[in-house]
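Shared between the two complexes below is chain A, which pairs with chain B and chain C, respectively.
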Partner chain A sequence: MWQGIEMLFQHPSVNVKYILDGLFFGSIFALAAYGLALVWGVMNLKNLAQGDLVILGGYFTWYFQSALGWNPILTLPIVMFIMFFFGWAMYALVVKWVIDKDLFTSLLATFGLALVIQQFINLVFGPETQTAVSELGKIKFYLFGGRIVVPEIRVVGVLLCAAVAVALIVFMKRSRTGQAIRATAQDARAAKVMGINTDRVYALTFSINSAICGAAGALVAMMFLVQPFYGITYSIRSFVIVTAAGLGNLPGVITAAFGLGVLEGYANNILGASYQQFIVVFALVVVLVWRMIRLRKARMVLE
Partner chain B sequence: MSIYKRDLMIYVGISIFSIVLALVFPAYITQIAVMFLMVILAQTWDLQGGQMGYNSLGNIMFFGIGMYVSAIIQIAMLYGWGGVGEYTSASGSIKVEIIKSNYLYGMFIGAFAAGIICVLFAFVFGQIFLLFRGPYFAIGTLGMVLAVAELVSSWEWVGAGGGLSLPVYPAEDPTESGRLYFYCFLAISAICFAFISWVVSTRFGLALNAIRDDEAKAEAMGIRTLRYKVSSWMISAFFLGLAGAIFGNMSNFIEPLEVAFPTITFGVFMVVMALLGGKGTVWGPVVGAVIFHIIKETTWTYMLGYQWVALGLLIIVIVIFFNQGIMGSLAERYPHWFGIKIEEDAEEATS
Partner chain C sequence: MKLTTKALSFTIGAAALAFAGIASAQETLTLGSAISLTGKYATNGVHAQNGYEIAKDLINKGGGVDIGGTKYMLEIKYYDDESTPARGAQLAERLINQDGVEFMLGPYSSGLTKAIAPVTEKYGVPMIEAEGASRSLFTQGYKYLFAVLSTSEQYLASAIALAAEKAESEGKDPSTLKVALAFENDPFSLDVRAGVIDDAAKYGMQIIIDDKLPRDLSDMSATLTKVEALQPDMLIISGHSKGAATAARQIAELELEIPMVAMTHCEAAKIIGKFGASTNNYFCPTQWAETLTYSDSLFGTAAEFDALFKATFDGYKNVPYQSAQAAAAVMVWADALSRAGSLDQDVVRDAIAATEMETFYGNIKFSEAGNNIAKPMVLRQIQNGEYAVVAPSKWASAEPNLTFK
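Here is the complex of A and B:
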């Protein structure tokens, strides 16, 4: 650990590497967290299966690439399309029945879903870590005289991530459906009175979230690794980011996601990858305590 | 006879019945011992999840900490503190001549220390985690147990991911050790049942129920909520620590992810069992644990790897369609069995 810290001062250029790593991580976290903020804000669902949806999307990409030989970048829209309908099925079978119940019911139901997805992936594809290799990944950029290596696929991944995010924001702000979703988030009863079919909006919101997770997963499979049991860490990360940023605060989500990404970039390189979950949970506790101290001034609690 | 005494008598009856069962079918003694472990897990979870309304997904952490504390103390008593981490599974089980009284003494000290250390952990962690409410508590505790499991599996002194192996009970015949652990679990579960059902019937239990129903109002009525919450967690942690210590000895070998901090097995089972039986009732967790364990033991091996998928589906089905649990629906139909008095109609009262 001390060697890692000494490195920072001896070779200041490694900072660039850590921050770049963090930005690559953070762009994916931002997508998954935005999906969570959407379902949380619209239907008050704390989705613990968020990370497992990400991993499921990643496995679709990996399967298309390794078994069918498709280019992973082209699989991104296909995975989003499949995950959209997967989300719709999940909503109709499970989520629909729990959204009006108490909070722990929905939390536990989505935890059950997470278990089903994760074990299903494990049974079908096996417990090994997988990555979807693309032709693009062969090229690498060398910065600072070769001291920092950036694979091209990661740069492309971040651009794709930004494209998905922009498309989503435009959809939410400009389209009629996006307007209906925002109206339901503000006041479901009033939206119903105005003739919005809120049940349909809920289904659509959950499906969109699932598609976003699918896109994030495809990017994870391209840029990093997927493994059946990595899902829960992504879920906790999404919770950290959404709790830190608050609901419906898109710039906040992006800032928090990049912040968490950079924190993990430093922690992974200095402490080693075996403290990954510890760092995420530590960030969660810090964020929760910090929000609680701030709310305490107004004599409020985080419900 | 008060409800509490009646419950205690019924539990003593069940214990005697299970002793007879264990003597008649000695081949199933380990399964019956694990069933009592399940009862402990479900009941300690229910003290938070059911009575206090704090749905923890990380109570299994105390189970694992208790197991490790007891294992470290037992190994240290035999070999000194230096070489604890050398007794990994790779080096094989500990080969040393120990006599029964030494083993039992070590196990007793280990289990007792495990309980105490777990209480301390619950006290410290409770000051932070029990401030979070609702979903934040559930997710925070889930993260907590994952993080602790990760830290333990990279801690060289306790054997890291390789785990530790414990001294073996010097038994003359192979069934003897099974009987020992069976009686240990039976005793712990009986004490746990007696203590928790007593605690729930006192003012302390009422305070916990008040916290569940409306924490802000409970605080306004002068209940020091954090103190009650932490105390309740400490009670659960003590019994979980004891159970973990005995379970470590029973399995002879402990390892961070599968044995000591089994988040997706025991950690999920305890929630499912309490929900199946009916949370917030004294008998719910017991009934849920017994039924769940019997179903699990009879069907688990036939599912060919699909057990976990089935477990996930079971959680979803229980949560959606059977939210009240067995005892919850019974309490609705026969309230007088549970000591719930329903005011009679005026007509009936006069006639």
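Here is the complex of A and C:
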């Protein structure tokens, strides 16, 4: 433990790397978490298949590169497009029928979906781990006496994360459809009375989420690797981020995702790699307890 | 033309009749195996099954196995364990209790073997397995479990020995070497790690990083950041294909220069194809390679096995060692059964325990605990995009490319 802390001072450039990596990796988790925040906020759906959508997107990118020889960066919009319609189909086939049922039903249904997607990937693409190679270069610079190498694909991830965030905010605030989505999120029944086709709004929301997951997946395939059963990691991470940030809080989601990314790097250094994941969940517990204490002040009893 | 067809069909018919006549005069002996044909181990499960099949067919083609004067044809009954240990254990019960199987071949992976061994042990059914390398399988005192492959703690022993040898030849004390370890937190990788730590301690090497990575590892940049800061002489990685793929990608991305990088599962992760020249000089251990000079009377040399396998099954560019060792397990069965001269399970068990044979896969001789102690792990290095055997020196086909700073 002390050795790790000592290293942070002896090699200051290590700090820069942890912070940069935290931002880079955080941006991917932020993408998946946006999508979750969206479906959770608008449809009140806790989508347990979130991570599996990410992995499916990654497999498309891998497939387009390895079988068709396409440049993986260029597959990104194509994957988003495919995943959008995949999301639509998923909504029409499954989600639509459970959306107004109780929490337990929708949890079970999306968990079932997760299993189906996993096995689908496993049957179609096989169980091996796969990676797509982005063929992008690296940015190198020196800081605090250490060399820092940043693969450009990671920068693409951050930019994409920012672009999707901005696009989402503008879409939600300015467009009629965005307004309709927000109206439905506020009060579905009232929105229906006002002539909003809530069913379409739900379908659209779920498809947008699916497309965002697809984008995250494409980046995952280019930065890390994909395996049919890896979805759960991204599901858990999204849930942690959204829960910690609070619903409908996009800046919160981004901050939480980046914060967790940086925290992980330091946890690895100071406590050891085996605590890297523990610290993520521990951070969630701390946030929830802290929030409970804060809410306690506001809590009152009706006499 | 018509006549020839008729003649031909007659000949085939007669041959079939004659063959049926022979077959009915012979007994069949059924080996049982729960194997992963679907689920996450499906690829390697099929590799293993192909290995079993090729050896079984060749043995049957040579007239089967002579057990106490009667010729037996081998047959293998498979069930798909779906890559889940619980299912594997159920299927082993079913093979033994319902199908009356008295002799077993192993499943794929240490995890499945761990689940099935207690069942075969309970019924006193001997099992020869080829795909479970975990050391912990051989510390339980199992009497009926035998494995033809080298156990996991030996995986990287030759890499450490090579590093020490090289350091000495450069006039350096091996104890000055600094080692960084990055291992997945799963039973197999931790076994490999235990072996590495023992070997490193033997030479007094200093372990400066010892990271246990999560099971769903897909990123090790935090570990590699430490590696870049502390500059070890050796980086050793084990975490199945995902560990190899992650390490190969991120070492190249961060442009780390480490004198010696050794990792398991290079081939399974296809790192040469994916990451190209950046993987040159990596060291990769393997159970078996087709360039080795081992040979036997059934398959011939390792290279001949390789050729036959590729001719029998479509779609193999390289023959995986998983298939080679599976074939070797069937060879051990044939050998032990014919030496036992009886179908009594305990007699057969003792015959297996007394095995001492040379195969294309390597020598086979079991320890008290049931693991194979006659075959060393082979260390290969990626040289110009090809795997070249560099240790042990007796079978090496190339010089290792390694210099410590």
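Following the convention adopted for this analysis, the second predicted complex is superposed on the first by the 247 of 303 C-alpha atoms of A that agree within 3 Å, B and C clash if a C-alpha of one lies under 4 Å from a C-alpha of the other, contacts with A are read in each partner's own complex, and residues count from 1 in each chain.
The definition used in the following text is that contacts are C-beta pairs under 8 Å (C-beta built on N, C-alpha and C of every residue); 3 or more make two chains touch, one makes a residue touch a chain.
Please read all numbers here as calculations on a predicted model, not as lab measurements.
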Partner chain in contact with A:Phe81 - chain B first, chain C second, else both or neither: neither
Which of chain B and chain C A:Phe239 touches, first, second, both or neither: first
Touched partner set for A:Leu284, first chain B, second chain C, both or neither: first
Which of chain B and chain C A:Leu113 touches, first, second, both or neither: first
Touching partner for A:Thr129 - first (chain B), second (chain C), both, neither: second
Partner chain(s) touched by A:Lys101 [first = chain B, second = chain C, both, neither]: first
Touching partner for A:Tyr18 - first (chain B), second (chain C), both, neither: second
Touching partner for A:Tyr142 - first (chain B), second (chain C), both, neither: neither
Partner chain in contact with A:Ser274 - chain B first, chain C second, else both or neither: both
Common interface positions of chain A, toward chain B and toward chain C: 122, 232-233, 274, 276-277
Chain C residues touching chain A - in the complex, by the definition given at the top: 38-43, 83, 182, 185, 211-214, 216, 218-223, 225-226, 228-230, 240-242, 245-246, 249, 253-255, 268-269, 274-275
For the chain B and chain A complex, residues of the former touching the latter: 55, 57, 128-129, 131-136, 138-140, 142-144, 146-147, 150-151, 153-154, 215-216, 264, 268, 271, 275, 305-306, 308-309, 311-316, 319-320, 323
Residue numbers on chain A that touch chain C, as the complex places them: 7, 10-11, 13-14, 17-18, 21, 25, 122, 126-129, 131, 133, 138, 140, 146-147, 149, 151, 220, 223-225, 227-230, 232-233, 264-265, 268-269, 272-274, 276-277
Residue ranges of chain A touching chain B (in the complex, touch as defined): 46, 48, 94, 97-98, 101, 103-105, 107-109, 111-116, 118-120, 122-123, 232-233, 235-236, 239, 243, 274-278, 280-282, 284-285, 288-289, 292, 301-303
